[in-house]
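Pasting the structures here.
What follows is a pair of complexes built around chain A, which joins chain B in one and chain C in the other.
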Partner chain A sequence: MADQDIALVAHLMRRAGFGASRDEIEAKAAQGYDSVVQDLLNPAGGLDDDILMRYNPSYYEPGAIEVNTQLWVYRMINSPNQLQEKVALFWHMIFCAGHSKIDSGQEMGIMVNMFREHGMGRFDDLLLRLSQNPGMMYYLDNTESHKANLNENYGRELLELFSLGVGKDGSFNYSEDDVKVCARAFTGWNVAPAYPPFPHGRSPWVFRFDPADHDETEKTFLGETGPWNGDDIIRIICEQPGTARFLARHLYNFFVADEPQVPAWRLTPPRDVEAIQILEQAYFDSNYSIKAMLEALFTSEFFKDEAVRYQKVKNPAEMVISLLRMVGEHQEIKPGLFEISQEPKYMGMDLMNPPTVEGWHTGREWIDSGTLVERINFAAEMLGNTELDGVRGLVSRLMDRGDTLSPEQFVDGCLDMTGPVQVTADTHAQLVAHAAREGDLSHGSDDERVTFTRRTGEMFQMIAATAEFQFE
Partner chain B sequence: MATHFFGLKDRTFYHSHAVGRNEFAGTGFRNPVDMAIASDGSVYVVNRSYENRPDGVHMTVCTLDEEYISAFGAYGQGDGEFVWPTAVALDSNDNVYVADEWLNRITKFTRDGEYVSKWGVSGSGEGELNGPSGIAIDSQGNMVVVDSKNNRVQKFTIDGQYISSFGSEGDGPGQFNLPWGISLDGNDNIYIADWRNDRIQVFNSDGEWQQSIGTSGDGVGQFNRPNGVAVDADGDIYVADWMNNRVQVFAPDGRFITLFRGDAALSKWGKDKLNSNPDMIRQRNIAYSNDPAYEQRFAHPCGVRIDDQGRIAVIDHTRGRIQVYVKEDEPVLR
Partner chain C sequence: MVSTAKDPVLAVLSLSGGNDGLNTVIPRNNGHYRDFRPTIGVPEEQILPINDELGFHPTMAPLMKYWEAGQLAVFVGIGYPTPSYSHFRSMDIWHTCEPEIIGTEGWLGRAAKLMDPTAENVLTSVNFGRGLPRALVMEGVPVASVGNLETYGLLTGIDGEAQRSDALDVFGRMYAPAIGTGSVMDYIHSTGTDALKGADILATAPDKYTSNVEYSGTVVGQYMKNIAQTHLADFGTRILYTTSPYNGFDSHANQAQANAALWTDVSSTVDTFYTDLRDHNASDNVTLFLFTEFGRRVADNGSGTDHGAAGVALAVGEHVKGGVYGVYPSLAPADQEEGGNLKFNLDFRSVYSTFLEDWFGLEAEPIVNGNFERVKFFK
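Here is the complex of A and B:
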């Protein structure tokens, strides 16, 4: 199997999933890139919910936010439908609502489940589901927006952060009047009364439309006039070139390479204009299908290009989950998942609780002196633990490369096993210099195998501490 | 005017009351998974809770008349502690035995919750355990253990000496797919909730297969992951039909009689909690008038036990309560 096939499939699995074990990467490379892309785009089967709830019975109607987060982290680690989980994270980072206000873990779980189930469908369908999602309705105050007393919050964020964006190519995509009209169209979109936490736990919140509270008068939105309701607004939004641009840039930013932060998009052109045009075209050609946009993206030359590999800073969820998948941890249901599920928070990404409706700042803003220490420590702890099945497997593969490995062969092997990670010549030289202190590696005797294993764990830890390991 | 019973005239059931509320400590339960009822009426409830709330992992002792007695046990791996507690049984002296399906051990406590001893070795060999998920003590004082991940049932002396076993992985008679709960009748016949095969299997005390009840589905006599079973003095069989959110009742020959979907009104402890939170009374009242069934119904019922008055107690897992039903020979107008 050619190294470039391995590297390309590893790139695909890092972006369209949360990485993979070396065994899985090699199996998928043998399967063929295009076939793997189709599997990712067409989820089938999945995890057995009965087994999940058997050993974690609190996963049924889970109320606590921590339980919902654990369950999602478990799915990210173990779902065979990796793109589905990645897309759920993608939407969670755009359609931001958080537990700090919603105060119902169950509603956060329901929202993420909706992203998982419908996140690769049509964008108009997804926006409709989002606009009827009780957690979002409450988070953005639509439950307090009435015909007689308008609250513009949801209307504003729907346009600015969830669909059109402020503007493109230097122009604005909508006006203040459009914001007000949008909010008026969503009056009456509310939530039925739900049970309180005491004494038996909250009931799931349910969307309810109240026609008496809906402003059914004529409105002009983005130049179109009619007695618009919320679903009309969504139809008009989805017809706009601004929406195609907004989605294309978000997809590029999440799956291909880091773009500037979203507020800069009106004035800052895309990093790759041609790529954005391809994605915009897929949006309109497919009648707003996210899956079609993803297919265009993953089969494009701009995605496969070696120049975009390791151009994205791993977000904390990607950092944690990809390491767990690489070393084979928490692939069975066992205690300890709660602590693991908190790791992204320590790295600055409190899953199901983004800081604001604008979400997390991504790219290099994931890294500061505090989060970098957390990232390196966690990576070193995982990769340096030669007791873990996945790490032992990598050590064994390294041994298969020859009876004796020179320091350079050893470093190249370790980099290959942990990515393959691409490092600068300077980093490479430093790693080789470190390896050379103890000379060549052999594994003929028990003592040599112990030493080989120890040195591999140490080298994995050093790789985990490189700047390059922060990227994917 | 004729009345029509269609062959089911000799039994009537009614809902009596509910016990408990969701609580991590004190007067309530958190993700209860099993219970045992002592001769003096004490009810020992296994609280599984969840990982980030280890304070909820313990045994609660109360009565079906909603009298709180005590709590014992805690999260951990030390003596008298649990990680994944899953089942409880009482011996003839009302000593309390709790199974832990992560630690693969049985812990013995006095009836007052004092730690006595523990036993259990992890593995798949004779007498070893992999996920003990249900326990019962027979008339000889031996313990019958559902060794779930080994897909078998093992019999031990009460202090853990291996006696015998039966069962293997599969879906044929006498085979299991991750069995969970267990109950014995007055003749030491063994009833096993064969969880992932969606059936109840009945064996005699020697482990010889007698009958299977149920198939997969949500129709009458069908199950979606049954996890608990109990047999009353008449031999009627009660099955916690976990993912169908109901309890089904069968005659001793396996014929379907009726089912319970949950009928709970607020328990005493539930009212106590609401009375100290007036805003939640307001919110609950609005929700209740909109959808009363939500509060009444079972949410993953997780075990059934019969007390010596013949009352049928159902663990209503997600709601953190016990729903109590009564079987009468003569009809009672309520």
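Here is the complex of A and C:
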């Protein structure tokens, strides 16, 4: 199989999923890129939840936030529908609501499930579900917004952070009056009073529209006048070129290459204007289908281009999950999942608890001296553990490359096995010089095999420590 | 501002979970206390009196000598308006000084930025524990976050000292400033170099350290030992932070036994810590602050207490002017916060402002997001 096919499919799996084991990458490369894209876009089957819940009943509709994050991490590692999980994370990073205020792990789990199930559907449908999600209604104070006493929080964030964005090409997408009108249209969108938690425990919150608390007067929103309700607002929003631009840039930023931080988008043009146009076109052609936008993205030349590989700083979830998938750990529910589910938090991404409604700052802002140490040490701990089946598999693949490997062949082989990772010439030279100190590698005798394995584990750790490994 | 021979240092021990202030600093002869705490009330004869009305929980005996020496400030009725009963949210409010909106910058992060604007010392702030508390977060402020000081560093998984040292050499060269690799890569290189530098320096702390005291084997004991080791190693660290095990003080049930164990450990650890610093003649410039995200419900629930509002915080140190600060909130039902909680009367940002102005010599207002009257608890 051609190396470039493997590299392309590995790139696809890093972006449309959380990486993959070497075996899986090779199988998918043999299957063919376009066919793999179709599988990713059309999830079928998936994890067997019946079996999962039967043997792990505490994972059924869990209440505790810790269990909800564990279950999500488990799905990210093991779901065959990798794009679905990736899209759930994508929306969680845009439609930010956090446990710090919601204080219900169950509601966070319900919200993420909604992103998983509907995240590749139509954007107007998704916005409607979001606007009726009790956790979100509470997080952004729509529950406090009344006909007689308006709270603009949700109305504003829906426009600024969830759909249109502040502006594009230097101009503004909406006015302060539009914010007020938007908030007025969503009055009455509320959460039914909760049942007392005793004696049966918490029950999920339920969305309830209260017509008596809804402002049904005529309103002018983005130039259109009528007695608008929330669903009218969503219809009008989805017709705007600003919304297409907003989604296109977010998709590009998440799946292709790091863009500047979102607040800069009104004034800073896209990194790849043509790519954004292709995605915008797909949005309108498909009647707002996210799946259609993703299909346009993954089948495009701009995505396959080698120039965008390793142009994104891995977010902490990507860092942690992709390593676990590479080394084949936590493929079943077992002790240690809690600790694993906390690793992204140590690296600055507390899943289900983003810092604010604006979400995490991405790209280089994932890295500081504390998080870099966590990232490197976790990656080195995983890849350097030659007791793990996945790592042993990589070692034996390396052995298959020849009876004797020169330091350079050895380094190139290790880089290939762990990515393939692209490194600068400087980094490459350092790794080769390091390998050269112990000379060529053979694996004819037991002793040689022990040494070969140890040196591979160490080289994997060195690769995990490179600046290049921070990217995907 | 207080004058110390060496730069002032603040050590913080965050008591995670919402410590029960009412059973920490106890209104010992208050009839309401007896009425509301039928199960977990501490018998009056066991309480350690600190004045006519109040006394410490019996497990706080090791702190009595600090109280008697006038080195222990007790903040009662401490909190903030419209209390949040969520652990996360309330802790965030204490960390960011933003009760209304969701803040991203920590008060100590901002303080560190002012003390070392160009981040010359990568160890100006050091946290012990995994992950960074938001109190220390601030753009451009490097913070070492140390899970275990004995093993802290990069590539700690590589066996063999020679192999690891080789690997770190390679790391240093790989992260050396590179030309023309792009701004993000440059940034990661310099961050990696900072991290390596910080780790190299911190790694020397345990070796430099000798001591006559023995810290408890608990997380609190070991991290307070790490704080002492880092302070004694003279790296110029100004802010040392740690957190007790997550939600350990969240005493909904079985509070009497659980909190007694926790406070026995915290009290003896504070004493061990200061004894250690005094033995090394390094206690003068360290103030220790203990706080929690909220107090607990006035009435017990038969076995423990639920989330409450106003609570208790402590400051210990040789420059601290001992005493009770704030007014002990009334336990009378009519005076309680809605839901059966104590009403705050001392804003935590007042206490922070005092640390910032009188201990660190920094302007407090932009850090705590407002002008809060200082509490004069330094000599």
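Simple rule for what comes next: the second predicted complex is superposed on the first by the 465 of 472 C-alpha atoms of A that agree within 3 Å, B and C clash if a C-alpha of one lies under 4 Å from a C-alpha of the other, contacts with A are read in each partner's own complex, and residues count from 1 in each chain.
By definition in this document, contacts are C-beta pairs under 8 Å (C-beta built on N, C-alpha and C of every residue); 3 or more make two chains touch, one makes a residue touch a chain.
Owing to the predicted nature of the structure, the values given are computational and were not obtained by experimental measurement.
Novice: In the overlay, answer first, second, both or neither for which of chain B and chain C A:Lys147 touches.
Specialist: Neither partner.
Novice: Please work out whether A:Arg122 is in contact with chain B alone, chain C alone, both, or neither, and reply first, second, both or neither.
Specialist: The answer is neither, since A:Arg122 touches no partner chain.
Novice: Applying the document's definition of touching, compare chain B and chain C: which contacts more of chain A?
Specialist: Larger number of chain A residues touched: C.
Novice: Once chain A of both complexes is superposed, is A:Leu337 in touch with chain B (first), chain C (second), both, or neither?
Specialist: Only chain B is touched by A:Leu337; chain C is not.
Novice: When the two structures are overlaid on chain A, which partner does A:His200 contact: first (chain B), second (chain C), both, or neither?
Specialist: Only chain B; A:His200 stays clear of chain C.
Novice: With both complexes overlaid on chain A, does A:Glu61 touch chain B (first), chain C (second), both or neither?
Specialist: In the superposition, A:Glu61 contacts chain B only.
Novice: Kindly list the residues of chain A that each of chain B and chain C touches, one partner per complex.
Specialist: In chain A, nothing is touched by chain B and also by chain C.
Novice: Chain A touches which residues of chain B in the complex?
Specialist: The touching residues are 21-22, 28, 31, 33, 48-53, 83-84, 101-102, 178, 180, 195-196, 225, 243, 266-267, 269-271, 273-274, 277, 279-280, 283-284, 286-288, 290-291, 294-295, 299-300, 302, 317-321.
Novice: Applying the document's contact rule, which stretches of chain A touch chain C when the two form their complex?
Specialist: 99-101, 103, 258, 313, 342, 345-346, 348, 350, 353, 355-357, 363-364, 367-374, 376-377, 380-381, 384-385, 424, 426-427, 430-431, 433-434, 437, 458, 461-462, 465-467, 470
Novice: Mind pulling up the chain A residues that touch chain B in the complex?
Specialist: 50, 53-58, 60-61, 64, 66-67, 70, 192-201, 203, 334-338
Novice: Considering only the defined contacts, which chain C positions touch chain A in the complex?
Specialist: Chain C reaches chain A through residues 86, 88-89, 92, 102, 104, 122, 127, 130-132, 134, 142-145, 153-158, 163, 166-167, 170-171, 173-175, 178, 181, 183-185, 187-189, 191-192, 194-195, 198-199.
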